[in-house]
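Order of writing sets the chain letters: A, B, C, D and E. Residues in each chain are counted from 1.
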């Protein structure tokens, strides 16, 4: 069995149009889910009456049900409902908005748990010290607690992001044409699905690696206070970097 | 009313397939966690070679969509075995391939979860362990891991639930778990009763995920007294 | 390298022992290929393959139920020797796979449209002329190629959108609501959902109609190395169709003899 | 200026503070002494609203209310008018020594950044750490960390500064310097409440000494009176024990 | 019994230890004193292999090797023969006070659980914390945590116990008790190396005092000699500073 390389080149050329679509879905989902995830995490950590149950319910429902079932509701049932209210304009909505909704809902659920775990790694004394220099709890949270929590949150946000990047291909069910969708459509004429998937894989490798580097740099930035004083040896590329810094852990 | 009857009927058809879902998920969670632990250890180790290997593995696996992973395992592994060991594993139960693919997929994010949890534990804990004469491994196992475990738990639950829902992957090579069964029920009804079927499916998954959440909360609650977090 | 596992796939059928042929079928194509309640392969395509198996003593068929994707990739790589899933012929596909000379079935393909708009959208040319909206089609589905082929040779063209396999009953609802104007489908699906008394969308009976476009020949898909087996198939399938056995199976699975559709033009 | 009446606090059924009343006047330097576990830290934390009290009344900075009834706004007012030096430092891990000090000035007091840095540098100088201004807490020794903690509190120039054993982690060499800083503060009129085991400080700097044991104030008065003629048996024993191990 | 020669350590180009040689004999009680940042903690950490040394030779517990060449097994041997009391406690957060002590006994020394608990209870009694045995570190005051840390080290009955300012977070009242425990240990022949600012301990209990400054041993000798007739200017100044602020 040999690979049809001409076809792979052709798929590579067309599928690149799907890259912005994939990135859009992921970015929109992350940007919206980030603050809401933090808020929900705080609601759970501080056991805010009433809301805490609601958040727990939301997380278990969204996280616990297959995305395909959610798509069914958002993409199929919701526009039909809208049709009854605003008429046929409901059908003119670009399906990518439905994709935004579905993936944002999912990202919120995941990030809520990510932040919940990360925020609890920060020592209580940090909040107290902030209060005692006169800062509001809110100010202390943004300036002191969150930056420290991010160190432990970032690897998990990276996990969530990579998961989103890959899962955004499910948006094709809603006729949104991301990388996978375009490649599959190309392959439909000659059944060269194997080649199409290989091209898709390369694209995902590139995108995911770029995302990893971004997250790695962020993690390094936020954990700089844990390292002993040392001249940095320039840019350190994870994962192919040879020398990683030994992290000094916080004292407590 | 009619719908509820249908959903109950579909529940009855789906539930037998929970066996496959559980066998596949539980084995890949166990195997994947062990592999993830090794990977996290490698990434934190002193050896440059181990660190680079582990991070390349994690990068590649995390970037690989499930459907590609299953094809790589299902088609690639038999070829490898044929060429290198001259054994034919083509005839293996297809479930093995699914478990292997899921194990690999699961191990990468889990290694990151473990790494970040490990690094959130104060260094002094390890030092104190060493200074009462425990070996690094004993300290890791008895002191660090229990503390890191609580930190990792919510993220671990995220990954486990994601894994449970990877039914599309098992079905790609024809292993019928609950998701696959749901698709087949819909197909055999000529595409009808789809939302009732998926509703039944979502219900089952929801119950499982509720159970997992409950477990997580329970463990966290029992641990709350032992740490000073920003929580009240 | 790829396809080096010759042990199982050798082209030469040894005379004494029947050679095992792995037949992959997609499990979600009711009633063409699916898994029945006994967890066995079933459907028109599978039944026909069983008939062929009977006629070829030198081969023994082994049926493997799997996904659409795996049927295609598996047959291409040689893991399966032949695959069935309501496959239509195109010249591009023939470069990747081995198509036999003879087809083994006919698919009754048509549009589901609103009954009141039957004259406006009930046909390829009508839909194109009236700028009707067609429900997006999964690209791995043969129907996608049919419309693409039509667009290549005709003007005005049909607005062809793609989307991953979606749920049929929703598509029917969409047509009824006016979100779309036509849905490319096969007759048994429409009958099971709308016409049948307790079908899932029986409430749409009368509101929606099925318009046959014509019959499309369907083929089993062979791995490129299976020339000898394909030749054996070609000999046998002719006999099965001529004997009327195929029509009989078509009646059984589709409720009508689809082979008759080949006498009419595809519109 | 600051008055506490009948302050009560219990943890899980254990009464730790059993009704404490304290009166702090402007310019007061009060030392709180007492055995371990007697509730000194808890007293400081409940007085400054870090911990919720179970009962008691507070008069301070325009607030005149029972502890349980304090609104969020009043809590903020109180916190903005006190400084706190923690027993275990509690420096902001993600901020340098300098930033630890400027943070409160810029964010809570709305001081301009350049101005805040000037104030912070002066505070760092007072504790002898100007050359460590860009170090993170994890890069400082225990003693250095505590000095930053003190600098952070004095930079805010609050109405009262609470110290929870500010010198317990310091080297004796440096204790002198810090005590000098505290003495300066005292003579410049800053009001201070200090939990301490530094008897020299209690005796020489403070104008009132409070001896606590078991959640009660056993005895209070001028240092001279407490150290030379303690009226309670408990106080006598405590002082004898302490002076035996200098 | 334990000999260190030419021990060197630097952090990021800063030399912290510049060649330290120490000879510890069985039954020795050595006090290390010196100003903040002089490298006392670093010395203890490198000697006990918690921190990798950059150079130097070690003879202890059958190991006779350069620090850089120690194998994992030898490191384990060394650690199994020393005890360590940390300046910042480092109790196991997920274990109760009692479990903190039994942990090392059961896991590293293979003592039976019932036996270990007996030993642990005795150690807790010595530091006066029997009633806190089931509390987690987060539920103990700073002083209580440090006492558990000391109990943890003495329960292991190692060849040498290293103390890094064991009393700095303790109340003066308790300092006496702990010092008594340490005195007991000393007279029962336990070898100890103690970084301390408790001059009474250095003077009265230890049989040798080492004065460190800037990564060097400036002077060492019998307590009497050091305290009464220090030969170096640096030592004199340090002692004068300290004795001024008791």
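Keep this in mind: a contact is a pair of C-beta atoms (placed from the backbone, for glycine too) under 8 Å apart; a residue touches a chain by one contact, two chains touch by 3 or more.
All values derive from a computational prediction rather than experimental measurement.
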{"item": "Shortest walk length in steps over touching chains, subunit A through to subunit D", "value": "1"}
{"item": "Longest centre-to-centre distance from subunit B, chain (CA-based)", "value": "D"}
{"item": "Pair of chains ranked first by number of touching C-beta pairs", "value": "A-B"}
{"item": "Chain located farthest away, centre of subunit E as origin (C-alpha)", "value": "C"}
{"item": "Separation of subunit A from subunit C, taking each centre as the mean of its C-alpha atoms, in whole Å", "value": "39"}
{"item": "Where subunit B and subunit E are represented by their mean Cα positions, the distance between them in whole Å", "value": "45"}
{"item": "Inter-chain centre distance, subunit B versus subunit C - centres from mean C-alpha coordinates, in Å", "value": "36"}
{"item": "Chain centre separation in whole Å, for subunit E relative to subunit D (CA means)", "value": "30"}
{"item": "Numbers and ranges of subunit E residues touching at least 2 other chains", "value": "88"}
{"item": "Residue list for subunit B, restricted to those that touch at least two other chains", "value": "67, 71, 122, 124, 194-195, 227-228"}
{"item": "In subunit C, residues with contacts to at least two other chains", "value": "2, 69, 73, 77, 167, 170"}
{"item": "Subunit A - residues contacting subunit D, complex", "value": "123, 125-126, 128-136, 139, 143-144, 147-148, 222, 224-226, 228-229, 248, 250-251"}
{"item": "Subunit A-touching residues of subunit D, taken from the complex the two chains share", "value": "48, 50, 76, 79-80, 82-84, 86, 88, 90-96, 103-104, 107-109, 135-139, 152-153, 156, 158"}
{"item": "Partner subunit A, residues of subunit C touching it in the complex", "value": "2-3, 69, 72-73, 76-78, 90, 92-93, 95-97, 136, 139-141, 144-145, 148, 161-167, 170, 173-174, 177-179, 221, 224"}
{"item": "Contact footprint of subunit B on subunit C as seen in their complex", "value": "1-2, 4-5, 7-8, 27-31, 34-35, 64-67, 69-70, 73-74, 77, 79, 167-171, 188-189, 192-193, 199-201"}
{"item": "Residues of subunit A touching subunit B in the complex", "value": "45-47, 56, 59-61, 63-69, 72-73, 76-77, 110, 113-114, 116-127, 145, 151-156, 158-160, 162-163, 165-166, 169, 180, 194, 197-198, 200-201, 204-205, 207-209, 212, 238-240, 242-244, 247-252"}
